[in-house]
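Two complexes, one shared chain (chain A), two partners (chain B, chain C).
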Partner chain A sequence: MTVLDLLDTGLAVLVLAVAAWTIVARSNFAAVIGFMTYGLLLSLVWARIAALDVAITEAAIGSGVTGLLLIGAAVRLRALEKSDTAGQVGGLGRVGAAVLSVLVVVALAAVFLSAEGQGPSLAPEAARHLPQFGLGNPITAVLMAYRAIDTMLEKVVLILAVIGVWSLAPDGAWGGAPANLSLAEPDPALVYLARVLPPFGIVVSIYIAWVGASEPGGAFQGGALLAAMALVVLMARLAPAPEVGRLWLRLVIVSGPVTFLAVGLLGFAIATGFLAYPTAYAKALILFIEAFMVLSIAAMLPLLVLGPPKVPGGRA
Partner chain B sequence: MSLALDLFTVVAVVLGAFFFLAGTVGLLRFPDSLSRLHALTKADNLGLGLIVLGLLPQATSLLGVLKLVAIWGLVQLSGATVAQVVASAIRRRQDPPS
Partner chain C sequence: MTATTLAGLTGAALIGLGLYGVLVNVHALRKILAFNLIGSGVFLVFGLVARRGAVAGFAADPVPQAMVITGIVVAFSATALAIGLLLRLHERRVEDAAAESDNRSDNKSDKT
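Moving on, here comes the complex of A and B:
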């Protein structure tokens, strides 16, 4: 056993331990912190198996933005947690869920371990066609070229999620602004961070989105980082939450999927069909789409965290 | 020269790891939240600083060096902020404003 094997084993044990702790944690808030730690450890696991794109996404989305969403949920459920246990799943339900989960894990492990050799893989094919798009990162090629329609529809799903959150607004508040993220007055240290950090964060997120064409990174990771900067500013209350009825906000939200769709339709005229790129401009077109996707993602993730509009807007 | 640099890396990273260990022991053993926070932030800043310092000779390009230093700086900034925010939250809980 080498040192790296030992480290990997330790990491795997730690991930399982944190997962178990998250499940048995007494309070929702503690469980959420456990979940975020679990996500960060998991991104180390992804990095160890050389899936750096997934590692960055896991750290930014799986741990960061999802963690923030869950913290918001835990805070909102706090009153319920103390007073009411009627809504909780009973012992039999818990045992049933545990048995089902273990069954799924055992079945997956059995399938994985019984597979002979490497199993079928499209990786060589994906790598072979990379030069056609002028890309160096096979993940970006899969997301933006081979499976472009999945990526486009993924963003449409995000829009639907935002609309779903907005539709929880009370009648009077429709088109207005969501409530502030923190109830208390923001800490001066947080305000300082929100003034200093965003310039660096914006540069790094643009870099991550740009470098995604040839190295680990991409629109989703860059957009998530930009969203984090927006959230820091919102938490420090340096800027008010935007009114969801604003035209500019809605344009930013749809800009990514609309650009994707427009370039996809353009494929009929300049290439072989829907979502096909002409070889000469493939990279330029992909980066063009990704630039607007970064904007869309950076707008939608904070809106999901902010929740439904609470304050009546200036116009309905 | 390369051996000396490698040796420097090993010594600095081990020292950095020691500070992380010390910080973790402090986190587990110190009696109250503020001391635990103190142990964590001070040791982590120094620990990460030493690890980054140790890794600098291993960077293959100037850009790599700059990235390492930037990571150290950003972690310092966020670590210090989180420590302040957590500390003031502890304070608010101890003596709630009347």
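Moving on, here comes the complex of A and C:
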């Protein structure tokens, strides 16, 4: 057993221990903090199996943005926690659930261990057409070219989630702004950080989105980082949460999928069909779409964390 | 055992842990957390599949990796919507409880 094997085993044990903590922890808040830690550890596992693009996405969205959302919820639900002990699963139920879970794990593990050698792969197909798009990162090629419709519809899913969250607004608050992210007055250190960090963060996120064409990175990761900068500014209350009725906000939200759809339809005229790119301009078109996708993601992730509008707007 | 097999087994164990959490935990927030554990376990299985398809000079098959990236964003959208519903439900419960206690105190003042 080499040192690397030991580290891998230690990492796996740590991931599972923290995951178990999020299940058994007494307080919701502790469980949520455990979940954020878990997300970061999991991104290390992704890095270890040579999936750097996934590792960045998991760290930014799976741990960071989701963690912020869950912390906000845990704080707001604190009052509920103490009273809500009815319907507790009894000892026998717990044993039953544990037996069922262990059976599932054993079955899955048996399948994974029996699968040996080379599996089916689309990598040769992905590699063959890569030069056609002028891209070096095969994952970006899958996301933006081979399976472009998945990526476009995934943006639509984000929009639907934003509409769903907004529609939970109380009647009087429709069109207004969401409540503040933090319940307490922001810490001076946080305010300072929110002034200093975003300029660097914006540059780094544009870089990650840009470099995604040839290296690990891309629109998702860049957009998530930009969203994180927006969230830091919102948490420090340096800028107010935007009113959801504003036209500019809605235009930013739909700009990504609309650009995607427009370029996709343009494919009928200048290439071979829907979501097809002409070889000469493929990379330029993909980067053009990605620029708007970064903008959309950067707007929608913070809006989902902020939640439904609470404060009646000026033009409600 | 390679890092890849280990990641696959970790994924299997995470699916089991999450399943247990969804079944046993009472609080809806904890159920959402456990559901996310199942999700990330399934994603790790995709990681195993991607690594087994490492050919053509790539460290892993890009197609399952791209699907996981899409999946992480969709899982976040679903979590955000679930949290939104949960918080709204909580608000309604608090409002209803407040209205009920108001009614009770009104009745008392009528009697005296």
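The rule is short, and it goes like this: the second predicted complex is superposed on the first by the 297 of 316 C-alpha atoms of A that agree within 3 Å, B and C clash if a C-alpha of one lies under 4 Å from a C-alpha of the other, contacts with A are read in each partner's own complex, and residues count from 1 in each chain.
By our rule, contacts are C-beta pairs under 8 Å (C-beta built on N, C-alpha and C of every residue); 3 or more make two chains touch, one makes a residue touch a chain.
All values reported here derive from a predicted model rather than from experimental measurement.
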{"item": "Room on chain A for both chain B and chain C (clash or fit)", "value": "fit"}
{"item": "Touched partner set for A:197, first chain B, second chain C, both or neither", "value": "first"}
{"item": "Chain B versus chain C as contact partner of A:237, first or second or both or neither", "value": "neither"}
{"item": "First (chain B), second (chain C), both or neither touched by A:250", "value": "neither"}
{"item": "Inter-chain angle, chain B to chain C through the CA centre of chain A, in degrees rounded to a multiple of 10", "value": "100"}
{"item": "Between chain B and chain C, more extensive residue contact with chain A", "value": "C"}
{"item": "Partner chain(s) touched by A:189 [first = chain B, second = chain C, both, neither]", "value": "first"}
{"item": "Touched partner set for A:161, first chain B, second chain C, both or neither", "value": "second"}
{"item": "Smallest distance from any CA atom of chain C to any CA atom of chain B, in Å, after fitting", "value": "22"}
{"item": "Common interface residues of chain A - those touching chain B in one complex and chain C in the other", "value": "none"}
{"item": "Residue ranges of chain C in contact with chain A within the complex", "value": "1, 3-21, 23-27, 29-30, 32-34, 36-37, 40, 43-45, 47-63, 65-70, 72-81, 83-88, 90-91, 93-94"}
{"item": "Contact set on chain B toward chain A in their complex", "value": "70, 74, 77-78, 80-81, 84-85, 88, 92"}
{"item": "Parts of chain A lying in touch with chain B, wherever the complex brings them together", "value": "184, 187-190, 192-193, 196-197, 200"}
{"item": "Chain C-facing residues of chain A, complex", "value": "4-5, 8-9, 12, 15-16, 19-20, 22-23, 28, 31-32, 35, 38-39, 42, 45-46, 48-51, 53-54, 57-58, 61-62, 65-66, 69-70, 72-74, 76-77, 79-81, 84-89, 93-94, 97-98, 100-102, 104-105, 108-109, 112-113, 115, 117-124, 126-127, 138-139, 141-143, 146-147, 150-151, 154, 157-158, 160-161, 164-165, 168, 170, 218, 220, 297, 301, 304-305, 307-308"}
